[in-house]
Structures are given as structure tokens and as C-alpha cells.
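I've put the structures underneath this note.
One chain, chain A, links the two complexes that follow: it is found with chain B in the first and with chain C in the second.
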Partner chain A sequence: MSTHIGKDFTPPCVPGKVTGEIKYAEDYKAEGMVFARLLTSPMPSGRVVNIDATAALRMDGVIGIFTADDLPPVAPPANPALASDYITYVGQPILAVAATSEEIAETALDRIRIDFERRDFVVDPLESLSPNGPDAYPEGNALVRTQEEGPEGSPIVGAQIKSIKWPQSAIDALRAGQEPVGAEFTNEWAFGDIEAGFAEAAAIIEEPFVTMGYPHHSLEARTCMAYWENGKCYFHGSSQSQSANNAGLARMLNIPLEDLVFINEATGGGFGSKIGPYPYMAITGNFSRVLNRPVQLRITREQEFYIGSARSGMQGWIKTGVKEDGKVSAVDLVIVNDGGMTGGGSGNSSAQHVTVAYQPENMRFRHISVYTNTTPRGAQRGPGQNEMAAVLAPMTDKLAEAIGMDRVEFRKRNVLDSDGFQGGSQGPVTSAFVREALDQGARAFNWAERSSQPKDLGGSKRRGLGVGLGYHGAGGRGYDGLLRIGTDGRLYIHSGVGNLGTYSYAATCRAAAEALQIPWERCEIVRGRSDRYLPHSSGQGGSNTIFTHTRTNWVAAQDAIMKMKEIAAMDFGGTAADYEIGGERVFKTADNSQGLTYAEAARRAMELGSKFSGEQYPDDINPLTQIAVQGMAGSGLVGVAKDNIPGVGQPPGNVIGFMEIELDIDTGKYEIVDYASVADCGTVVHPKNFENAMRGGAVWGVGLSGLEKHVYDPQNGLPANTGLYQCKPPTNMDVPVDTIAQGVNIPDPQNPTGGRGIGEPTQGAAAAALSSALRDALGGHLFNTAPVTTDMIIDHLAGNSYSSGAGTLKTNTF
Partner chain B sequence: MNSKLTRRRFIKGVIFSGAAATTGAGVYLANAQNGAGTAERLINLNINGRTRPVDVMPSETLAYTLRYKLDLTGTKIGCNRGECGACTVLIDGVANYACSVLTHNVKDKAVVSIEGIKSADGTLHAVQQAFIDENSPQCGFCTPGQVMSAVALLSSNPRPTREEVRTGLSGNLCRCGAYEHYINGVLRASGQIA
Partner chain C sequence: MPSHDVMPNMELYQPVQVEDALAIADRLAERGWLVGGGQDTYGWLKDRAKTADALIDLSAIESLRGIRETADGIEIGALTTLTEVATSDLIRGGYSLLADAASVVASPQIRNIGTLGGNVSQDVRCWYYRRGLSCYRAGGNLCYADTPQGMNREHALFDQSRCVAAGASDTAPALVALDASMVIQNLNGERVIDARDFFVGPANDIENTTVLRPGDILTSVRIPSTWANAEFYWEKVADRNVWDFSLVNVAAAFKTTGGQIEDSRIVVGAVQTTPRRLTDVENAIRGNSRNADTAEAVKELCTTGARTLAHNGFKVPLMQNLVKRAIVA
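The block that comes next holds the complex of A and B.
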């Protein structure tokens, strides 16, 4: 009987959020703190020839200037903290000025004169691939491996920028929705025999598609504050993970790991943009060291658009064959990613979504990520998978129609199950119950009944029903757990998991409480700053925290339990196997009067020392965890272990969404009438927060499929929508606010709590369901774009093809 | 939001205060172009029921004064240009974006920030407690603003419908998308769901 898992509780930080008392990085001040502001590039491509800061430095109150010369050089295409020889997008930071007030710093920026040399620029990948098209970097437009590839997913080792051009015929073909014959790619894989697969097909569809990049726009911009004391850097930052930052940030500051105190009590959103230390942290920390004063580098909303990362867009073509029985027999997929100035296109993940959705018998994937002179790109909530979900769902509906199959049945026929595979390597999964989610969702949404209702609602209103799948790999292995039982008998769970709003930092700690059978009110989560002795953690990208860190806390608890049993065996005889725990005691199974309370066990651990109180620890834990154990050694009974739980396969996060919309064909506007989603994420560890994740992700799905996109002026490379208002993240008026969120709740066999992650696919499911519903409302029309905005709908209804994907595949522009 | 606060009125305020508006949206919505030459003036502000003397520049926004002069950091600056609502406070009981109000313009008014809505004995406001019970916040950065808009709504409409709550909170962006949970929180605070 579970005591903590699957039960609601209030994470300890929630009261501080509703009172405003919890502190984000920008809420901290330090004695003598100065204010730094960034000067950013006004042009999309070029280099700095000369900086004249004489007038600025003469101003009263100006303390100093910090430029690329003050940091180690960074070779392209790495994203530098401050640019000089390679300016690659409008808004790229060039220098920082520090002053006694932010007003003076801002004014000083106006007095700095910079001579630039302009370079050609490009905002559309296909334009760059065209013969004689501009390249985003002087060296080229794509990253090409120069060494043998490692296993799939391994980082690129040995690569250089090259200029790749396609024949005009290939560009024209892709824009027209045909295979780009003769095109060069940088990444290809295949399994099976696609020609044989297409030969078996009863129906084949062939479609172009285009999805837009867009910024994360976490509501808390990435302001940092740093100061130094006795050689240690105290750094207030905003990160998705408390601990995954530390090693990289220490390297940026050129200090040993133990000399960095990273403080991050709360993070105002991340969504993939704050996974690791971001380059701009180097400015704050190093500028503070140079000035020998605390420095706060405040990032404005506009700057957060520039430097806060963005989803990669894609232009592509897909050909899919389906057999008479509804099984997808072959997929041929081409993706050109818009990598912005950092590359990082997520085409492989997009292809992975296709493998999960269709489990195709044969598939080929060809891919290239092209640099453009637009903002840096990186992971954004389900990168690759979710935008693919948005454009694939209406195509899936078209396939189902082509063979006369219900759309839900078609998905059940093809989708991933526990024996299925994901990705080009056809790797296994830990478990998958997507068919169960489809069935449960169809019941909750009344799919059959709604499907029989008329589409014409009278007047200008049309009904549209959609169904969609969201998928993302949702779990990692091999991180560390660390906890302590104090002499007060309380459980102190040390967590390096960040507090970015998912509350998984708290939910994962419940695994330790469950294992140790200790009431939650006798547990304390120790977190928020690294000098509280926090273990190494995952970067908390990829929806992985629940799976990953319930395991780490579980193994740390098992270590503590074993140590308590060993202590009891020393005191009462027998071996550890003769003992068990319960009621916050460790006792002999044969005679429960012989035993110790947790408090007594902690005192005995301190007397015994060595491994019992953390003086000794396992060899295989991360250096950061080693520092943490060393710090807390001798303060109680310490449980510490690396997650070595055996198992294979990727833990998948899967969500099915069902949506009904009412579309007004006079205006192109639609209302989302209903949304129901069902997750296959194993055991739901924290129900209340599960619902929040499901609904928050659905809001993101509406943004992806309906609202959000980069818009650049192709003549000047200027972004047109740097603010929230123009970027259009959904408000509560854009989304349904009375929705259904359920879980299949079948435990995953490779997690002691049964849980897997779910953060990212929540978006993909809603995005897919919306684009599916739009096609349904429009009588089968495929836009093959994400987002589909109101003006595109009205353009289509007016008989204008300008806004549809086919024929242009234009991206990053109007 | 306060229907009396228009863009025109705000810009007029900036002009009267002798500063020029820019779109830079730094801490200073209205940036002083002449550097450090702007003079602060000591004024008394009525903040959370207390009179607080504070030196205020002509161009200073209320959000800036609260956060950086009075250390009331519960008020968050999400955009600093009237787009997100994270800085929402009450001015004479009406919800306003503190980033879009000049401090000099509120010297005769009662300002309530997130720090001012708990009872004197520390008891949370019904909205705050309901937001805890509904687990409404996610990252929490927009939460103080959501709380203030909800408090303003319930003071004028103690039993709003779900749609009225939606409208009442529509000026508060939540990038995490926790809208439904905030709306449920307001309905709980109004006693309509338990």
C-alpha cells in the first residue's frame, strides 16, 4: 500500500509563491552591488571592428566595461557570451557596462560607439541552401561531422562548418512538396526497405510541411547576480536544474567545483531554455571578479527574446504508405531544420515522433540543420517531437480516411506499445500503454458520439474534432541520491533537482519517504543552494525528472535502510537480513522489541563513522555528490548511492489529446470547446501536479499549433516580434479552462514508484489535436504548417493559397 | 485592468515628469536620456497601509520603486511594458500594472502589493490559501500578479462565474499555462468550489 506515491501534497515552496516571499535571482541584492546592462547587436551578421567606450567610461557612476576580449575565445558555431568576430543575429550581446545604478548603465550604453563590418545574412534555411544563397557564417551554413559518428544521440565530436548548396531543382521540388532529388544531407538513417513498403501500400500520401521556431519567453528573464568572497563565487541564477549547472558554470569561471556556490531557490520557467549554464552567466561571474564587486546583470524582456533560446523550425517532406489493414508500411522523411545561429535542429527527434506514432515497417530519414542569422536555438518542450506532432496529426487523419478507417482506430493500429520501438535505431522502451490511453480518452471525450454529430453548426460555425499524440523520451539513469537521517529522527532529503515550476523536486523526494516509511511531515527537502550539500542531478530536460530522480532517491533510501539494518545487527546480533523497518524504527523481524528508532540509528551512525555517517562513500558517485557527502559527513546516518538499477530501454512519456473546436468561417477564428487528455506516464506520482502539467502543456500546444512563431524582416534580418504581446503566448482567453486530464496509471516496471515523466508530450498532444480538429472543421484541408493562424485560415477560406505550406515552405517571415 | 489608465494618460505623465519615453524597456520604462542628471524627490507613499517616505525620480515606475527602493520584491517584473501582468498591484483597490504607472502619480493613492494582503496576524488572504489548495502556481513568477488581480476581482464581484474569473484574470499571462488552476483557485476562494 503506497503511503506517498500517488497522493496529493503541498510542495513546500507553494506558500512562498502565493505570498511573493520566495526569491528568484533578481530579488537578491548584495552590499555594494553594481548594475550591468548589455549592449546588443543591431545587425544580423558582421563583426566588431572597433569599440570606443571613452565617453561612457568618463561618466560618473560607470564602473567598468566587459567585452569579448575579457573572456576566452569561442570558435564558431559555439554561442559566445559576448560576440566580436562573429556577430550572427540581431540582439546578440557585444559588451556589458556596469554602473552604480541601472539608469547610468543604460545611459552609458548610448554613449558607446561601435564600428561594425557588415556581412551577408539569411533568415530562411532553403534560401541558404539555394545555389549562391547566403551563409549565416562566413565559413558556411551547416555543421558537418569530420569524424566517425558515435552511437545515435551522442554529441558531435569533430565537426566543422561547411557551405552546403542544393541544386535549384531540389529546392523547387521541396517547396512544391516533392522529394528533393540530388540534395545533400548531414544525417541519414533507414531501416527496412522503403520501396518494398510503398509497393505494398494501398494508399500513399505525400506532403510538404513547415513549422516555425519561436522563443521560450520564460516569464523570469535570465537575470543573474554574482559576488566573490574568499575565492568562492556566490552565483544567483535561474536554471532548470539546481546541480546540473555547477560543473559547466565552474568551468566558465575557471574555478574548482567546490568554490562555486550556486543559489537558485526558484526558477521562473525554463521549458528547455535553462537546462545547463547559459553563456551569459560567464559575463556576470567574471565581471564581478574583475570589478571585485557584486554584479547584477539584468536581462530585459526584449533581451530574453534574443538570448533566451527558441524552438527550431523545420521545412520538410514526408511520403507515407499505408496497407489495406491500416498498418503503415513505409515512411520517407526529409527535414531541413532552421538552426538559428547555434544549429541544434531537432529533426532526429521529429523523425523519432514518426516512429512512435506509426511504428512503420520501413523508414528512411534524411536531415540537414542549416544556420540562419536568427536567435540561438535549443531544446524547447518536446523539441522536434511536438512540432512534428502538430503537422503529422492531420496527415494521419488523411491516411486513415484514405483507407476508410476511424482516426482513433488508425492510431491504435499503428502506435507504440511495450514491445515497440522508438527512433532510427529502433531502440526498446521500458513500457508503453498508448492504446489504453486512446481507449480511455475516447471514452472520456465521447469520441464516438461526438463523431456522429453534424459538422455544420448553423450560420458560419463549423465543428471540428481532433485527436493527437504527444511523445517524448521521459527518463534517465545513473544519477545520484543523497539523504540523511538526523539525530532528531527526521529525514533530510538532499536534492539537486531544480524548482522550475514542475514541483518534481518535491515529488521525487516522496520516493525516499515511501521507501523509508516515514510520514511526510517528518521529512525536509534540502535544496536551493549548493552549499547545502546537494547531489549531482540531471539537467531536467526531456521530461526525465520523475523517472530519474524517484530512482535516485529510492536507491539512497535503500542505502540508508541497509546501513540501519547493519547497525541493528551489530547491536542486537544476527545479520542485516534479519531486520526490517517500520514505524520509523529498524527492528528484528523475529522480535520487534529488539531494534532502534531512526533517531537512535542516526546517533549510532555518528559514533560508528565511516560509511554510516558519510565519511566513506561509493566510488561511482559524481564529483559534485562527493563534495556534498564530504560536507555533510558526520551529521547523521547518510544514505548515498548512484542509480544502478538494472534495466534497458527508453522510458517514454505519451499523451493522447482529444479536442473539439467551433470554427467561424467568416472570420477564421475558432473556439476550443473541449479538451480531454490522457497520459501514459506510468504511475501518477503527484496527482495535483500531474493535472497542472497536463493542462499547462495543453496551453503550450495551442501556442504551437495556433499562435506562436518567429517573424523576421527578410530584407534587414530584424525580428518583428520581440515582446510577449507580438509573440503571442496563449492567454487564458485563447485556451479552454475546463478540461479533462487523466492518466492510464499503469506502473512502469523499471521504476520503483512506477512513474515516468510527462512534461513535454502534454504539449504535443494538444498541438496535434488542434491541427487535427482544424483539418476536420475545414473539410479535410491540410495547411501542413505550425502554427495555423487566423489569417491563414481566412486566407484559405477566401481561396488564397498564400498561407498554406505547399508552394513556399517559407519560414521566419510573414 | 484600470480603465482609467490609458496609454495617453501614461505618456502624459511621462512628459510631465520631464523624461522621454523609449521602447528600450529597461528598468526605466521612461529612460532619462541625460544620464545621471535626473533629480529624485522625496515623497510619501501609502504602501500596504503604511506611509513610506521614498526618494523617487521623475521617470520612475511604481514597479521599480516597490522592488528596488522599498525592497518589496514580491511584485515581479516580467516584461516591463504592460504585456504580462506579473507586476499587478492595487491602486485605490483597482488592479494596475505597476510597470506602467509612474510612482509620482500615485502619491495620493493607496497602493497594495502582494506583501500587503495577508492579515496582520499572518493569515493568508482567501485567494492565497485557495491558490495553495488548488496547487495553482507552477513556476510562480506570475503568481503575485494573479493573486492581486483575483483579489481585485473578488472585491468587486464576490461570486463571479467561471467566465467572469477568466475575464478578470485575462490580463495576467502565465507562460506555464496554469490558467485553469488559477481560475479554480478564484472559484474556491469565492466559496463556489470546495
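The block that comes next holds the complex of A and C.
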């Protein structure tokens, strides 16, 4: 009987968030702090020829400027903190000015004169791939892998930018929704024999698709503040992760790990854009060192649009064959990613989604990610998977209908199960119960009953029902757990997990409390700043934290339990195997009067020293954990271990979403009447937070499929919608108040708590369900875009051509 | 490109009497900037896309607030918030068209601060222009939006004259439909202008969206009883259900006798810089019933003269559909 896992609790940071007492990076001030602001590029491509800051530096209150010359050079295509020789997008930071007030800093920015040299630019990857099309970098438009022979014949795998051009016929074909024959790709894989697969198909569909990139809009912009004391850098940042930042940030500041104190108690959203240290952290830390004053580099809302990362867009083509029995026999998939200036396309993950959704018997994938002179791209909630889910769902419906199969049954026929595979390498999963989620969701949503109801609701209203799958890998292995039982008998769980707003930092600590059978009131999570002796932990991305760190905390607890048993055996005879725990005591199984309280065990550990109190520790723990253990050694009974729990396969996070909409064919507007979702994420570790994740992800899914997109003017390389109101993330008025969120709740066999992550697929399921419902409401019409916006729906209904789908295939467009 | 988000250094005047405000506005002329709720102003100033030497904050002038009955209708102070307009019993009682329009402006927070005067005086939302580019409206000599590759989904269908920006106000079409008039004061006295003439398009004045000039203050809006308790129809279509500008909106008022339309006002917003009153449609439906046949008969007429840009073609059927719904409802 679980005492902690699967039970609601209040994470310790919640009261502070409600009252406003908790501090974010921007809330911290230090004596003598100066305010730094960024000057950014007005042009999409070029280089800085000269900077004249004379007038700015002459102003009262201006302390200094900081440019790319003050940082180590960064070769393209790396995303530099400050650009000089390679300006690659409008809004790219070029320099920072520090002053005694924000007002002075902003005024100083206006007095700086920069001479630029312009270069050609491109915002559409297909335009760049066209013969004689512009490249985003002078060196080219795509990253290709290189392999050279090393000194002793060992291969050195590297990468370089290359200019790749397709024949015009391939460009024309893709834009027309056909296979781009003769095109060059940078990533290809296949399994089986797709020609044979198509040969045995009873139905084949071929569709183009476009998904648009859009920014993360982290509500907390990535403002940082840093100061130096006695050679140590104290750095207040806004990150999804805690310990995972340290090594990279220390490198940026050119200091050893132990000289960095990274402080980050709470984070206002990251969504994949703040998993590790971001380049602009280098400005704050190094500028502070140069000025020998605390520096706050505040990032404005508009700058967060530019530098805060974005989902990559994609243009593609997919051909799918299905056999008479409903099994997908072959998939041929082509994806061209718009990778922005960082080239970060997620095509491989999009293809992975297809493998999970269809488990195709044969598949080929061809991919290229193209640099464009648009904002940096990176991971965003289910990168690749979720946008693919949005366009794949209506196509899946079309396939099901082509062979006369119910849409839910079709998905059950094809989707991943525990013996299935994911990705091009056809790797295994730890377990998967998506069919159970489909069944449970269909019951909760009354799919069968709703499906039998009329589509025409009278007047201009049409009903649409949709079903969708969200999927993402959801767990990692091999990180460290660290905890301490104090002489007060309390459990101090040291967590290097970030507080990105999901509260998984707290939920994962419950695994240690569960293992040690200690009430939550007697536990304390030690976290938030790296000088609190925090272990090596994963980055908080990829929906991994629940799986990854329930395991680390579990193994650390097991280590503590074993040490207590060993101590008890020393004091009361026998071996550790003769002892057990319970009631915050370790005692002899045969005679529970012979034993120690946890407090007594902690005192004995301090007397005994060595491994018991952390003077010695396992060889296999990470250097960061070693530093942490060294710091806390001698302060109680220390449990520390690397997660070596055996097992293979990727733990998957799966969500099924069901949606009903009412579409108004006069206005192109729809109301989401109902949404029900069921997650296959193993045991639900923290029910309240699970529901929040399911609801929050669904809201953003509506954004992905219905509202949000980059809009770049191709003539000027300018983004149209830099403001939140222009980018249109969904509001509470755009989604239903009540939704259903359930879990299959079948434990994952490779996690002692049974849990897997679920963050990302919550969005993909809702996005897919919405696009599926739109197709249903429109009598089977496929937009093949994400998002499908109001104007597209009206244009379709009016018979107007529109600039997506079967029209011109391009990203970054209306 | 500096990215600003703090207010620039500027003088601040906070008069509490209209007379003082008029004197300050007259003295400062082009150097001054009037602000009510600031929901349009602060974006311009913080972005530095427009600047002024001095801000004249009208928000402390109590006489510019409030809704009162007049001998022939009602008068609404220019500083009356949109929330007050949306919830006023007086307005909801006889002129619900305006209340309905005000109730869907932007978001509740913005309606709590934003004023009726500001809503009708606000500048266009063309993103090129708001970005500070040197377009026609900003005194330059080109339009970035009206090109084959321009990103112009929200832009105008009608009355394009170098500039193709569409008006952003939701209350403006309702006021035109209600035959409202605008009371403008300056040091020389007061003038009252029909709402229909208050708004100006680019053919007449490319740098201003209203007749207001330096030294002028819009002090109130008068609505005559002409259309009190008429049959009203208001609808706004935007991508989002809150915090969004109209893609197209329609404000309509009908007087019917024996089931036949005696007179009407049909005004469409967000299809040109000014509210577009569909006088031809009004004339065409006079004497007919409010039904689908009547609506269908004027479907094409209501968008006659539209010139679509690369991405705003959807506004034609959307406008036709909204006018149809207004007539049929």
C-alpha cells in the first residue's frame, strides 16, 4: 500500500507562488547592481562592421558596454550570445549596455551607432533549397555530418555547413504535394521493404503537410543576475533544470564547477527552451566579472520572442499504405524542417511519432533541416512529435475510412504496445498501454454514442468528433540520488531537479519518502541553489523527470536503508538481512525492540564516518554529486547512489485525446464542446499535478492546431507577431472549462514507483484531436496544416484558394 | 534594433480640469500626446515607434467620465471605461448595440482601463506601421503590406489609398450605426461631428485615423434617441474569443414595421481604416423582410468594390456571412 505515491500533496514552493513571496531571477537585487540591456539586430543577415558607442559611454550613469569581442569566438552555426561576424536573424543580440538605471541603459542604446554589411537572407527552407536560392549562412544552408580518419584510424565524426540545392523539379513537386524526386537529404533511414508494403496495401493515401514554427513564450523572460564574491560567481537564472545547468554555465564563465553557485528557486516556464544554460547567460556572468559589479540583464517581452527559442516548422510529404485488415503496411515520409538560425529541426522525432502511431511494417524516412534567417529553434514540448500528431491525425482518419474501419479501432489496430517499437532504429519501450487508453477514453467520452449523432446541428453549426495520440519518450537512466537522514530524524532529500513549474521536483522526492516509510511532514527537499549540495540530475526536458528521478531517489533511499541495517547489525548482531524498517526505525525482524530510530541511526553514522556519513561514496557517481557528498559529509546518514536499476527500452509517455467541436461554417469559428484525455504514463505519482499537466498541455494543443504560428515577411525577414497578443496563445475563453483527464494507471515495470513522464504528449493529443475533429466537421476535408486558422476554414468553405495544404507549401505564412 | 520596454523620458501633465487640459494641449500642440487609458499609447511610446515630448494624462478629469441622459438620447464621457459602457443600464437599456460591442473589446483587464474615447481614437494595428517602419502612414513613401509577399491577413478590403491598414476599434462601427456624434473641444470652442465623419481614411488623411488635431480633445460621445431600442445585431469574429482584434465585425440596427425593414444601419468594421457603412445595402433591403432571401439578394452587393490582398481574401465571404446574419437574425 503506497503511502506517498499516487497521493496528493502540496509541493513546498506552492504557498510562495500563491502569495508572491517566491523569488524569480528578476526579483533578486544586489548592492551596487547595474542594469544591462541588449541592442539587437535590425536585419536578418549580415555582419557588424563597426560599433561606435562613444556617445553612449559619455552619458552619466552608463557603466560600460559588452560585445562579441568580450567573449570567446563562436563559429557558425553555433548560436552566439552576441553576434558580430554572423548576424542571422532580426532581433539577434549584438551588444549589451550597462547603466545605473534601466532608463539610462535604454536611452544609451539609442545613442550607439552600428555600421552593418547586409547579406542575402531567406525565411523559407524550400526557397533556400531552390537552385540559386539564398543560404542563411554564407557557408550554406544545412548541417551535414562528416567523418574523417583520426590519428590512429579512429573515425572523427563532425559536422559542417554545406549549401544544398534541389533540382527545381523537386521543389515544384514538394510544393505541389508530391514526392520530391531527386532531392538531397541529410538524414535517411528505412526498415523493411516499402515497395512490398505498398504492393500489399488495400488503400494508399499521399498527402503534403505544413506545420508552422512558433515561439515558446515563457512567461518569465530569461532575465539573469550575476555577481562575483571571492572568485565565485553567484548566478540567478531562469532555467527548467538545476544541476544540469552547472557544467555548461561554468564553461561559459571559464570557472571550475565548485566556483559556480547557480540559484534558481522557481521558473516561470521554459517548455523546452530552458533545459540547459542559454547563450545569453554568458553575457550576464562575464559582464559582471568585467565590471566587478552585480549585473542584471533583463530580457524584454519582445526580446523573449526573438531569443527565447521556437518550435521548428516543417514541410513534408507522406505516403501511407494500409492493408485490408487495417494494418499499416508501409510509410514513406519526407520532412524538410525550418530550423531557423540554429537549424534545429525535429524531423526525426516527427518520424518517430509516425512509428508509434502506426507501428508500420515497412518505412522509409528522408529528412533535411534547413537554416533560415529566423529566430533560433529548439526543443518545444514534444518537438517533432506534437506537430506531426496534429497533421497525422486527420490523415489517420482518412486511412481508417478508406478501409471502412472505425477511427478508434484503426488506432488500436496499429498503435504501440509493450512489445512494440519506436523510431527508425525500432528500439524497444519499457511498457505501453495505449490500447487500454483508447478503450478507457472511448468509454469516458462516449465515443460510440457521440459518433452516431448527426453532424449537422442546424443553421450554420456542424459537429466534429476527433481522436488523437500524443507521444514522447518519457524517462532517462543513470543519474544520481542523494539524501541525508539528520540527527533530528528528518529526511533531507537533495534534489538537483529544476522547478520549471511542473512540480515534478517534489513528486519525485516522494519516492524516497515512500521507500523509507517516513511521513512527508518529516521530509525536506533541499534544492534551488547549487551550494546546497545537489546531486547530478537530468535536465528537466523530454518529460523524463518522473521516471528518471523517482528512480534516483529510490536508489538513494535503498542505500540509506542498507546503511541503517548495517549499523543496526553492528549494534545488535546478525547481518543487515536480519533487519527491516518501519515507523522511522530500523529494527531486527525477529525482535523489533532491537533497533534504532532514524535519528539514532544518523548519530551512529556520524560516529562511524566513512560511507555511512558520506566520507566515502560510490565510484560511479558523477563529479557533481561527488562535490555535493563531500560538502555534506559528516552531517548525518547519507544515502547516495547512481541509478543502476537494470532494464532496457525507452519509457514512453502516451496520451489519447477525444474532442467534440461545434463549427460555425459562417465564421470559421468553433467551440470545443468537450475534451477527454487518458494518459498511459504508468502509475500516476501525483494525481493533482497530473490533472494540471493534462489540462495545461491540452490548452497548448489547441494553440498548436488552431492558433499559434510564426509569421515572417519574406521580403524583409521581419516577424509580424512579436507580441503575445499577436501570437495568440489560447486563452481560457478558447477552451472548455471542464475537461476529463484520466490515467490508465498500469505501473511501468522498470520503475519502482511504476511511474513514467507525461508532460509533452498532453499537448500532442489535444492538437491531434482538434485537427481530427475539424476534418470530421468539414466532411473529410484535410487542411494538412498546423495550425488551421479561422481564415483557412473560411477560405475552404468559400472555395477560395489558401496559402497552405494543397496550395503553395511553405512555412512562416498566413 | 533597440528593444525598449520602459517609458521614455518625457514631461508629464496631469490636469484635473478640461480647461487646463485644453490649454496644455494647445500650448504643446504636436509636442504633446493625450492619454486616457493608455492601451494604445503605451505600446507606441515603450516601443519608441512614436515619441512625444510631453504626456498629457487626462485620467484625473472627472468631468470626462460618466454616462448621462440628455434631452435626445445619452452622452458618454470620453474617459468612461469600456467596462462601464458594456455594463451601463442606460446603454444596455436602449443602445445595447454599443454595450455589446464594448463588451468584447480586447480583454476584461483592458476594458477596465481602456476608455471609449481611446477606443475610437486609437491608431491602426498594421504590424509594419506599429513596428516603426517608414511607411506612407508614418510619413514614408511605401506600403510594406500591399505587396504580393506582404503579410496582410488582417488588412483592408476597401478604401485603400496607399495605406491598407484596417481600423481596430470595435465600438466605432456601433457608434456609426447609432448615428452618434463626437464632441470635440479646443481652445477655440466646441464642435460636434457625426461619428461617420469623425473617422477618416487614408485618401483624406494618411497620417490620422480621426479628425482630431493637436489641441483637440474628444470630450464625449452623444447618441441620439433615433435608434433607441431598435433591433440590433452585433457580431465580432476574431481568432481568439478574448484579447484579440476583429478580423471582421458588424454592427447593425433595424427599424421594422409589420415585419418589413423601414430603415437600417449596417456598419462593418476591420475591412477598411474607417467603419464601413453599407448604405447601398441599407437602401436595397428597405421594405423587405429580415430573412434569408433578403440577405442573399445583397450578398454580393455588400462586398462590391473589395480589393483583396495576398492573404485577406477570407474577409470577403466572412463579411458577406456576417451581414447575412445581421439581416436575418
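Note that the second predicted complex is superposed on the first by the 802 of 814 C-alpha atoms of A that agree within 3 Å, B and C clash if a C-alpha of one lies under 4 Å from a C-alpha of the other, contacts with A are read in each partner's own complex, and residues count from 1 in each chain.
Keep in mind that, in the parts below, a residue touches a chain if its C-beta (ideal position, glycine included) is under 8 Å from a C-beta of that chain, and two chains touch if they have at least 3 such contacts.
Keep in mind that this is a model prediction, so the values were computed, not measured.
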Applying the document's definition of touch, where does A:S218 land relative to chain B and chain C: first, second, both, or neither? first
Report for A:T40: first if it touches chain B alone, second if chain C alone, otherwise both or neither. second
Touching A:E103, do we find chain B (first), chain C (second), both, or neither? both
Winner by number of chain A residues touched, once chain B and chain C are compared: B
One more residue to check, A:K23. First (chain B), second (chain C), both or neither? first
Check the residue A:S451 against both partner chains and state whether it touches chain B (first), chain C (second), both, or neither. neither
Which of chain B and chain C A:D713 touches, first, second, both or neither: second
Where does A:M733 make contact in the superposed view: on chain B (first), on chain C (second), on both, or on neither? both
With the two structures laid over each other on chain A, which partner does A:M59 touch: chain B (first), chain C (second), both, or neither? first
Please write out, lowest number first, the residues of chain A touched by both chain B and chain C across the two complexes. 37, 102-103, 106-107, 110, 300-302, 725, 730-733
Across the complex, what residues on chain C touch chain A? 1-9, 47-48, 107, 127-128, 131, 144, 147, 149-153, 235, 237-244, 247, 310-314, 316-318, 321-322, 324-325
What residues on chain B touch chain A, complex-wise? 24-28, 31-36, 38, 57, 67, 71, 73-81, 83-84, 86, 113-115, 118, 124, 127-128, 131-132, 134-144, 147, 162, 166-167, 169-170, 172-183
Using the touch rule from the top, collect the residues of chain A that touch chain B in their complex. 8, 10-11, 13-24, 26-27, 29, 37, 59-61, 101-104, 106-108, 110, 217-221, 266-271, 298, 300-302, 500-503, 688-689, 691-692, 695-700, 723-725, 729-733, 735-739
Touching residues of chain A toward chain C in the complex: what are they? 37-42, 90-91, 102-103, 106-107, 109-110, 300-303, 306, 460, 666-669, 707, 711-716, 718, 720-721, 725-726, 728, 730-734, 789-792, 794-795, 797-798, 800, 802-803, 813-814
